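There are structures below to look over.
You will see chain A twice below: alongside chain B first, and alongside chain C after that.
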Partner chain A sequence: MSEFVFATLEYASGDWESAPALPENLIDTVAKHTSIDIAPVGVNVKLGFPEVFNYPFVWMTGHLPVRFTDAERRNLKRYVERGGFIMIDDHNHDITGEFHKTAHEEIERTFGRMTRLKNDHELYSCFFVFENGPPNTNHELNGWGDNLLHRYLDAVLVNGRIGLLYSSKDYSSEWNFHAETKRTMQDDPTKFGVNLIVYALTR
Partner chain B sequence: MTALERVRRARWQLLAAVILTALLWAATLAMGIILLAATVGAIVWLPLAVRVVILPLAALAALTAAAVVLWRGRAARSVQRVALWIEEREPSLKFAFVTAIDNRIAPEEQHRDLHAHAAAADVEGIVRRGWLRALARAVISFALVGAALAIVAPRELLRAAGSDLRRSVRAGPAAPMANRLATLSARVVPPAYTRMSAQTVDEPAGVAALIGSRITFSGKGAADGVRQLLGNDTVEARRDGGEWSTGVTMPAIPDVITLLDRDFRRLVVLEPLTDSAPSLRLTLPERDTTYQTVPRGRLVIESSATDDIGLAYGLVEYMLSSGSGESFDTKRTNSRRFAYGNRRAGTIRDIILLDTMQLAPGMVLHVRAVAFDFNDVTGPGKGVSETRTLRIAEPIDSTSINPAPPVPIDSMWVSQRLLNMRTDTLIRTQRRMERATFVGKSSVYSNDQEAIRQRVLAVIALLEDTGVGDTFETETSAKLRVAADLMRTARMHLGVAEPDTAMPYMKRILAILDEIRLANRYYLRGLMTPVAVNIERVRLTGTDSASADARSAREALANANAALARRIDAVAALARTSPAAAADSLAYIRVAALSTAPAAAAALADAIVTLRRGGSAERALARTRRALEPPPRTISSPTEWGGIAQ
Partner chain C sequence: MRSLAERARAGGEWTLRAAVIALLAWSLVIALRGEDNGGTEQATSSGLRAMLARWSTVVTPAKVHVTLDHPPSAQERDWLGALSAARTAVEWSGPSLLPIAVAFEPRADPARGADVSVAAPAGTGVVLRDTIGVLDSATAQAAGLRAYIPKPRRTVDAVAGPVVARAAPRDSLVLGRLLVIGRAGWETKFVTAALEERGWEVDAHVIVSPKSDVRQGRIDAIDTARYSAVLALDTTAARYGEQIARYVRSGGGLVLWAPAARTRALAPLAPGGVGLIMEDEGRPPSDSAPREVLEVVPITPLAPDAIALEHRGVEPTLAARRVGPGRVIQTGYLNSWRWRMAGGDDAPDLHRDWIAGLVARVAYTGRVALPSPPTDPAPLAALIAKLGPRANAAMGSTGYDPAMIAWWVFAILCSALMIEWASRRVRGVK
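For the complex of A and B:
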C-alpha cells in the first residue's frame, strides 16, 4: 500500500499558501499518534490539474476571494464525487469575510447547499473523541474575526460520507506553527487533524 | 281527539319517518360505494370495466337500501299495526288502544273508561321517540360517510365514471369506440421570454422543450374519458373543435406523461431542456498578472458574452483585496450595465483608471465579467467569466515562502518563435546563398532546436516531480512531450539541411508552446517550502489516548450505466413478445438515461419509435448498449519510436 501524502491545494485565485507550517505540523501529529504510513513531506497540488486525484485528502485555505477556474470547478466536483476528501478552512475565521462568502458561492454553485454536520458525527470519534464536536480555536475564544464560536462544521455528503468539509474555525491559523513547538504545549491542538485524515482514509 | 284520529296522525308521522330514513340510508350506501371505489382507486388503477359500474352499483345499493327500509317499515301503512306498535311500547295500555280505535267493538259511549284509559296514553311521545331513534342512526351514518367522502373528494373519479358510463350507454356493446390515442400530436409553446415560435410534433415518443414550455397534446375524437396522468395529477381532456386536447407545462426534470383512453394508453417522455446560463470569455486582461511595482494608467477589461436564447445585460465585477497577515479587507464594485436586448451575443468592455484606485503593494484585484439572461422561469441565468487575478507584489513576504521561479514556458516560446523566424528567412534566402553556408546555418539551427528541446525536457521533469519520489504526467507535461517529439523531428531535418521540411513541425511546436503559455495562468505568490518531518523519531510517541474503531470497506460507486444496460437487456427480451409493453418500459428507462447518458437516451428514442411502428428495435438497442459502454482509451502522443504504446 502506498504511503499517505499530505496535500495542500493550490487554486488560481487567493492565497492558498497562507498556512505554510500546517502540513509539517499535521504530518508530525499523524506520525505521533497513528501507524499510518505517511510521507515525511507534504506536496502542493493544483486543483485544476488531474494530479489532484492522486491524493485522497487535500487541505485548502486562504484569506482572499476564491474564484475557481472552470477546470478547478470541474475537478473539485469529480474529486468529491469520486471519494476524495477536501477540507476547506477559512483562514479569516470571519463569516463576513470574502473567503467565506466567495468559497460558499463556489461550493454552492458546484454542489448546492452544504449540510450542517451534527456534533455526534463519527468524524468526531473516529480516532480521538471530541464530545462537543469540532474543537475550538484560540482565535474563536479570543474573539477575533467574526467574534463567533462556531459550534458546527458544514459538509458536502456523498452517499452519507463527507466529501467536502468546510470550517469557519480557522484551524489554518491554529495549527500553523512549527511541529517542535508542540513539546511546550500541554495539549496538542492538532489532534483533530488526525481525525480528519483517519476519516478520509478509512470511511 | 279520538283514539283513531291519534293513531292516524301517528301513522302519517311514522310513514314520513320511514321514507326519510329510507332516503338517508339510500344516500349513505351510494356514497359508501363511491368512497370504496375512490379508496381503491387511490391505491391501484381502476380499469374501465370497474369505472363503468361504479355509478350503477351506487344507484343499485341506494335502491336496495331504500327498499329494505321501506319493506321493514311497511307496517306503518296499517292503522291497526300502528296501534299495536304503540301498545308494544306502552304495555300499561293493556290493548285498550287497539280496542278503542274500533268503534264497532268498543263504542265510546259504552266504554268510557276504556277510551279514557287510551286517551291518557302519550302516543305523540312514543311516536317521536320511535322515529327519532330510527332517524338518528341514519343521520349519523350519513354524516360519517359524507364527511369521509368530502375528505377524499373523488371529483375526478366521478367525472371519469360518469363519462365512461355515458359513453358505454351511447355506444353499446356492438359499437366499440376506436382508440383515440392512435393519432397524437404535441404543440409546444416555449416560454414567452424566449420569443420563440410554437412547434408541432406528430406522433411523439418524447417531447423535448425548454422548462416552462406549454405542451398541448391533441388527437381525434370526443374528449370524454380521455385523461392525462403526470405523477399524481390527473387532468381530463377538453373538447377542442372536433378533437380532444390536454396540456402540461414542461417540468424541470424528465418525466413520463401517460395519456389514457379507457384501457388504451400512450406514454410520452417529457425531456426538459435547460436554458443555459450565459457563457462568457474574458479576453482582456489576457492572463493573471503580477505587477512588480504599483501599476498606473488604464486597465481595459473586455469579455465576450453569448447565450443560447438571449442576453439581458452584462457588467464587470471588481474585487479589490488589501491587507496582510490576519487582516484583509475586500471592496466590491461593479461597472455600468451593458444592455443586450435579447441578442445572443454581446461584448462587455470597461476601462478603469488604476491611478485612482489607491493601489499599494500586496493588493489583489479580482476582475470578472458577469452576464444575465431573460429567463423568468428558472432564472435569471447568471454566467460568469473566469476571474483574472492581478496582484501587486509585496516586497517582503513570509519567511516561509520563497519567490516563485519565473515561468520557463514564456522564454521557450520566445526562443522557438525566434528560431522559426530565422529558419523561415533561411528558406526564403536559400537560392541566393552558397550551399555550404546554407548547410552550416541549418546545422546551427538544428543545434538551437536541440537546446530548446533540452529545456523542454527539463521543464517536463520539473512538472512531473511530486517531491516525494514519484512522478505524474500533468496536462502541461503531456503537451510538452508532444512538443519535444516534434522538436526532435525538426532538429533531424534541420541537421540534414532540410529546413523547409522542418518548418511545419516547428510551426506546430510554436502553437503548442503558445497554447501552454496562455493556459498556464497560475501565478503563485510564493511556493511553500516543504519541511520534512522525521517520521521515525516521532512515530507513535504521542501519549493521548484514542479510540480507533473498526474500519469498514467503502462501497464502490454504483455504475449507473451498467444498471441501465441491465434494464435494457430485460426489455429486449420483452420486445420480441410484446413490443408495445417494451416501448412503454423503454420510455421509463429513457427518462432515467436523459440525465446520466444522453447519447443512450437518443438511441432509446429511436428504439421506442421503431417498436411503436412494429419494427425491430435490435439495432437501436445495440446502439444504446454501445453508448453505455465506457469510451475507448486514446493515446495522446506517440512513443519514442512513433509506434503504439503498450
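For the complex of A and C:
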C-alpha cells in the first residue's frame, strides 16, 4: 500500500477500458523521470465498490454516455472530498459528444459547476513546466473530434486542491500507444501525466 | 452518744455534701472557661460561616470541631487556618469528602483544545462541567481519568459527590510551524493535508526525484524559533539528520515514521528499533478500531527510556521518549492515509485528530501567561495542608461530648442532694 498504483476507473455504464495501453506508458514515464515508488503494473478498480478508496489517484475515460449508479455517485463524492484525485478525460475529444455531455451532467449533479483552471496553475509546473497550460494533443491539432483546441482544463477544487480534473483534450488517445513506439518519439507526450501524478501525491 | 451507724450515715451525708460542692465548683470552672477560652465548640458546613464569626469575635474556644458535608470555601478554609494559627485547635471530619484533584493543560494544537486530568479514587463517578454546563461524565480508573475538551471555557470543574475541584488555563500556547519531510507519496500528502486542515502552518520538503523536489514554505534553519515539530516520514529526512538532532536536543519535537527511524542519522533519537512489517490486507478500517487493519512496523526493541503508547498484540506500535528537553514519538503505521480514505463516515475527522494528537504530544511551544480566575484544583488536599488530616472519631480526638457531661453532672448533683436530704429526714435531722 505504500507504493503508487495507477488505477483505471471502472464504472457501470460506457467503455471505461477504452485506453488499455495508457497505464503502461504513464507508469514508464513516471519511473523514468522520478523516484516515486510506483507499482510496475496498474489495476482496474470499480467506482461502486469500497476498493476504490485504496487508490487515491484514478483515471477515467470513455466514448459512451456516462450514467453513474447511486453507489458510484456516492463513492465519487466521498472519494474527492476525502482527498482523492480523479482525472476524467473525454476520449471523443468532442464537446458535443455523448461522453462529454453526460459526464458533465454527472459531475455537476454531484459537485456543482467546475472551476476553469488558469494556465499558470501549479499543476503545470510541479514537475515539468508547461508554460501554456495543458499540452495540446495530435487529435486536437489534426482537427478531429470537435475540431477545437481546448486551452483550459476544468476542475473540482476541495480546500484549494484539485479533487477532480476534467479534460476535453483526449489524452486517452494521445497516450494510448504501443509501448515500443515511445522509443521512436522525439518528445514523450506523456510527460504531463507525470505532473498529474506528482500533483496528486504532493498537494 | 451516737451509734456507729449514725456516725457512718453522718459521714456519708458530709461526703455527699462535699461531692455536691466539688461538682458545683468544677461546673463553675468549666462554665467560666467556656465563656473565656475553654471547651470544644462544634460547627457544621451549613453554619460554619456564622460560627467562624463567633469564634473570632464572641468566644475564643480552645478547640473547634467542624463536621463537613462538603469542602469549605477557600475563604472559610483560610479562616479556619487562621484560627488554628491563633492557638485554637481546629479539627474536622467529613467522611463523604473524596480526595479529587483536577489539572488543565492546553494542547499544542491550533484547534485550541485542552486535556483535563482528574485524580480520584478508582470507581468514583466524576462529572466534568464548565461555565456553560456539563461536558462529560466518567468513572475514574486506577490512574484517574483524562478527557479532551475541544472548546475550553474560563474554568473546568470536576465534581465527585459533594467535592468540586476547579481548574483554569494558566497560559496560552504560542505555536510555531511544522516541517514535513518525505518522499512524494500518499502518507506524505495526507499527513500534510490533515495538519493543514487542522490549522497548522506547514512547511514541506517533498522529494520527487534525485533532481527534483517540491518545497512548501521557506525551509532554512530548523530551530525552535520557527518550528513546533518536525515530521520525518522516510529515509529522505536523513539529509536533515544533524539539524534535526540538534533541534530535538534543544527542546524541539519530532514525529518519526518507521522508515525514518531506521536511518543512521535519526536512529539515535528514535524510541525504538524497527521490527518486521505486519502487512495490510486491504480491509476497510473500522470506526471502532481503525488502526487494527493498517500496515504496521512494530517498534522493537524499545529503547530503555521509551514508553509504549499503543500496541498491536504485544508489539508496540506507538512509542515516545525524551531526548534532553526535546520529545520524540515514533509511529509504526506506514499508511495511515488508508484510514482517512477508506474508513467510516467519521474517518477523515478521526484521522486528523490522531495525527494532530501525535504532534501535540511532542510539539515545542512558547507560553504566554493568562489572567487566571480563582481556582481550587484539589480542595481536600488544600484542606489537609491547612488543617491537617481529618479526625478519626466523629466527635474528635477527646471522645466526649461536653453537653452530655453537663447532663451527667446535673443528674449526679440532684441524686446526691436527694440522698443527703432523704438521709437527714430519716434521721429526723433538719
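The rule we apply is simple: the second predicted complex is superposed on the first by the 202 of 203 C-alpha atoms of A that agree within 3 Å, B and C clash if a C-alpha of one lies under 4 Å from a C-alpha of the other, contacts with A are read in each partner's own complex, and residues count from 1 in each chain.
One rule holds in what follows: a residue touches a chain if its C-beta (ideal position, glycine included) is under 8 Å from a C-beta of that chain, and two chains touch if they have at least 3 such contacts.
What you are looking at is a predicted structure, and each value in this text was computed from that prediction instead of being measured.
When the shared chain is aligned, no partner comes close enough to touch A:Gly133: not chain B, not chain C.
In the overlay built on the shared chain, the residue A:Asp15 is in contact with chain B alone; chain C does not reach it. Of the two partner chains, chain C is the only one that A:Pro56 touches; chain B does not reach it. In the superposed model, A:Arg203 lies in contact with both chain B and chain C.
Touch criterion met: A:Phe4 reaches chain C, while chain B stays clear of it. With both complexes superposed, B is the one of chain B and chain C in contact with more chain A residues.
With both structures placed on the common chain, the touch criterion links A:Ser35 to chain B and to chain C.
Contacts of A:Gly84 after superposition: chain C is touched, whereas chain B is not reached. In the superposed pair of complexes, A:Ser125 makes contact with chain B only, with no contact to chain C.
Chain A residues in contact with chain B (one complex) as well as with chain C (other complex) are 33-35, 50-51, 54, 82-83, 126-127, 159, 161, 198, 202-203.
Of all residues in chain C, those touching chain A in their complex are 183-190, 193, 196-197, 204, 206-210, 212, 214, 280, 282, 284, 295, 334-335, 337-338, 340-342, 347-348. Interface of chain B with chain A (complex): residues 288, 319, 321, 323, 326, 328, 330, 364, 366, 368, 386-387, 389, 398, 400-401, 466-468, 472, 474-476, 521-522, 524-535, 538-542, 544, 546-549, 551, 554-555, 557.
Of all residues in chain A, those touching chain C in their complex are 1-2, 4, 33-37, 50-51, 53-54, 56, 79, 81-84, 126-127, 159, 161, 198, 200-203.
Here chain A touches chain B in the complex through residues 5, 8, 10, 12-15, 17, 20-21, 23-24, 27-29, 31-35, 38-44, 46, 48-51, 54, 63-65, 67, 69-70, 82-83, 92, 97-98, 125-129, 144, 159, 161, 173, 179, 188, 191, 194, 198, 202-203, going by the rule given at the top.
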